[in-house]
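Note that the chains are named A, B, C, D, E and F in the order they appear, and that numbering of residues resets to 1 at the start of each chain.
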Amino acid sequence: MPKLIEYKDMSPRAKAVVDGIAQARGIDPADINNVWKGLARHPDVMERFAAEMKAAFAPGKLDPLTKELIYLAVSITNQCEYCIASHGAMARRKGMTEEMFEEFMAVVLAAQKGNKITMAYRVPVDPAFEEK
Amino acid sequence: MPKLIEYKDMSPRAKAVVDGIAQARGIDPADINNVWKGLARHPDVMERFAAEMKAAFAPGKLDPLTKELIYLAVSITNQCEYCIASHGAMARRKGMTEEMFEEFMAVVLAAQKGNKITMAYRVPVDPAFEEK
Amino acid sequence: MPKLIEYKDMSPRAKAVVDGIAQARGIDPADINNVWKGLARHPDVMERFAAEMKAAFAPGKLDPLTKELIYLAVSITNQCEYCIASHGAMARRKGMTEEMFEEFMAVVLAAQKGNKITMAYRVPVDPAFEEK
Amino acid sequence: MPKLIEYKDMSPRAKAVVDGIAQARGIDPADINNVWKGLARHPDVMERFAAEMKAAFAPGKLDPLTKELIYLAVSITNQCEYCIASHGAMARRKGMTEEMFEEFMAVVLAAQKGNKITMAYRVPVDPAFEEK
Amino acid sequence: MPKLIEYKDMSPRAKAVVDGIAQARGIDPADINNVWKGLARHPDVMERFAAEMKAAFAPGKLDPLTKELIYLAVSITNQCEYCIASHGAMARRKGMTEEMFEEFMAVVLAAQKGNKITMAYRVPVDPAFEEK
Amino acid sequence: MPKLIEYKDMSPRAKAVVDGIAQARGIDPADINNVWKGLARHPDVMERFAAEMKAAFAPGKLDPLTKELIYLAVSITNQCEYCIASHGAMARRKGMTEEMFEEFMAVVLAAQKGNKITMAYRVPVDPAFEEK
């Protein structure tokens, strides 16, 4: 079985998932991005991931760009090249300027350092930070 | 040498770092949080981390809460308990409601899944996502 | 020194390791897979890894496919492309069907989520789960 | 808001999730384990995780113990203490003997080593491992 | 079975491993550190880890302190509290001064940043760095 | 904006950073390695990383090769291909022989195993390892 399955070769269940995404984005299902072509052989996993992405990016209290930045921060920390490339591109489409990207990177890198410092020095949580 | 050094026992260089942070936050230097007490024996590392944090959270294009959420997303991904506790508390102080926290978690968890899916299925980056 | 060393160019100690693996698998030593060509310049590390792999996959209480799935679960979590590709292929050879692969992925992804949730919410271990 | 919410203090949606899990396991909802008490303030995330866990552990081609071992392998790799404790306990309940646990650990540790070796030596994927 | 097994309660194979370590370190076997008490129920894994540690720290081209620093760098990166505590203590015993520890931390933190930067910006490897 | 920016196309601030590095290394700024070309669009982040690298590798108590090995140990643990390639090359230039590299790998791999073992068996820190 090929690693990527083109839309025309997908099962009906996989096609239905892609149709939903394509319609929401206003694109041709044949132009769906690779992650869905990779998932197409596993319709249960695919449907669940599509539903989870839809729920995560549904309109709410956090604006769409903020959500993309959160997704990108996770992806950089996990070192996932595909997600860095795809959600980096989506963040730009949703308004991320080069200036915002630099600020974002400054926070991401400060966080990496803070994370490793508190582990290396085995810093105990301050009582003031505990939820009550 | 104790793991945590109280303000009164810090070297002049460490005290100066804490003074700067305490002044900016409007708190008593003796109430500085534990990460700085842990770092106090290493003034070079401490000064650099304080400067990096200050620069990362300086006013800019991204609002303060968005920056906290980015920091928190990295910390959850890296599984750093101290940073989850401290920046979770800071995000609340900067306006994160329970509703926003739930939306944030939904994006963070979708991203973890997206990251592992693209690695597991070895999905190649779409040409459309490449920077030009 | 080249990154990969072909069998014919290996040291006697490296050749002996490859001979052992090739014989167990019933293949020509020249067709050994790349990981052993990469390790060939470091015979101590190579011998130890070969011995560890042999012991881990020796007949026992867990069947060979279960062991491949455990190995693959670790490799996906660590995001190691080589190991995902090689042990994915081996799992198929040992009987993993597409249906089993989808079930496997469902568990792997649920575990990633469970891991991050318990860290993010800082969930303490239930006394009932402690070993006695 | 407390970090853990007891069953009696949960919202109706959270209670419904716990009721479903408690019924399936034949336990009192008040004895639900901590991860659900931690998630109870975020019903969307909670419902989705419960549904994902139910689907992942639904009867299928892989037996229940194999699924627990896969879950445990991910949790050890991600170094999630809660999940190691809880799914370690569940694996024992589903039949993992001490002997099987030792074999499992041997594979998990061999995989960690294989993952780091292939990255450190930058080993390219063998053409034979590519899916066709 | 208890999480930690005291020396007096260990199996003969586990005792033999501890005897070897205790003799090399000039300590009483009853004072062996916890990692060996935790491993004692799994003699195969225990023997293999003991042999691997002995080989890794055998006299060679790198001095003992350098090896401890390498071990500690890995442990901080993996965020393993036990190993940070134990190998931090061992590094001090082998001559690590507070000044050296600070220099070490500076390199560890610069590396974390370099790692995340090259991933975030998806930097391709320079041809000059490729092995020939 | 291209992923990599050549020296001739860099902003004055980015050029100044590269000039400093090139001068210290005795190379032509046009031959700067890729990480700096990737960072060139974000001068704040770039200046801070350059300053941090300079401080981390400044002459001190640890010799230059030891620092490279620490950097490389972090990079292998984080699985950063670029950093493994670049700092592997730098370690060789600073005197790492193939024999030393093998010893280094033996320690790195033993540490990975020790890290996962102590997490999997949930080993508590020995009181003797606590700092006083």
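One rule holds in what follows: a contact is a pair of C-beta atoms (placed from the backbone, for glycine too) under 8 Å apart; a residue touches a chain by one contact, two chains touch by 3 or more.
Because the structure is a prediction, the values reported are computed rather than measured.
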Co-neighbours of chain D and chain C - touch as defined: A, B, E, F
Listed chain pair A-E, B-C or A-B that repeats interface C-D [over half of contact pairs the same by residue number]: A-B
Interface numbering overlap (same over half, different under half) for chain B and chain F: same
Centre distance in Å when chain B and chain E are each reduced to the mean of their C-alpha atoms: 28
Geometric centre distance via CA averages, chain F-chain D, whole Å: 35
Touching two or more other chains - residue numbers and ranges from chain F: 1, 3, 44-45, 48, 52, 55, 76-81, 85, 105-106, 108-109, 112-113, 115, 117, 119, 122, 130-131
Topology of the chain contact graph, where touching chains are joined (line, ring, star, complete, other): complete
Chain A partner contacts - residues on chain C that touch it in the complex: 79, 98, 101-102, 105-106, 109
Residue ranges of chain B touching chain C (in the complex, touch as defined): 76-77, 79, 81, 84-85, 105, 108-109, 112-113, 115-117, 119-120, 122
Residue ranges of chain A in contact with chain C within the complex: 1, 41-42, 44-45, 48, 78-80
Contacting residues of chain D [partner chain C, same complex]: 3-4, 33-35, 37-39, 45, 49, 52-53, 55-57, 60-62, 66-67, 69-71, 73-78, 80-83, 85-89, 97, 99-100, 103-104, 106-115, 117-119, 121-126, 128-131
Touch list for chain F against partner chain B, complex: 1-3, 44, 48, 52, 55, 130-132
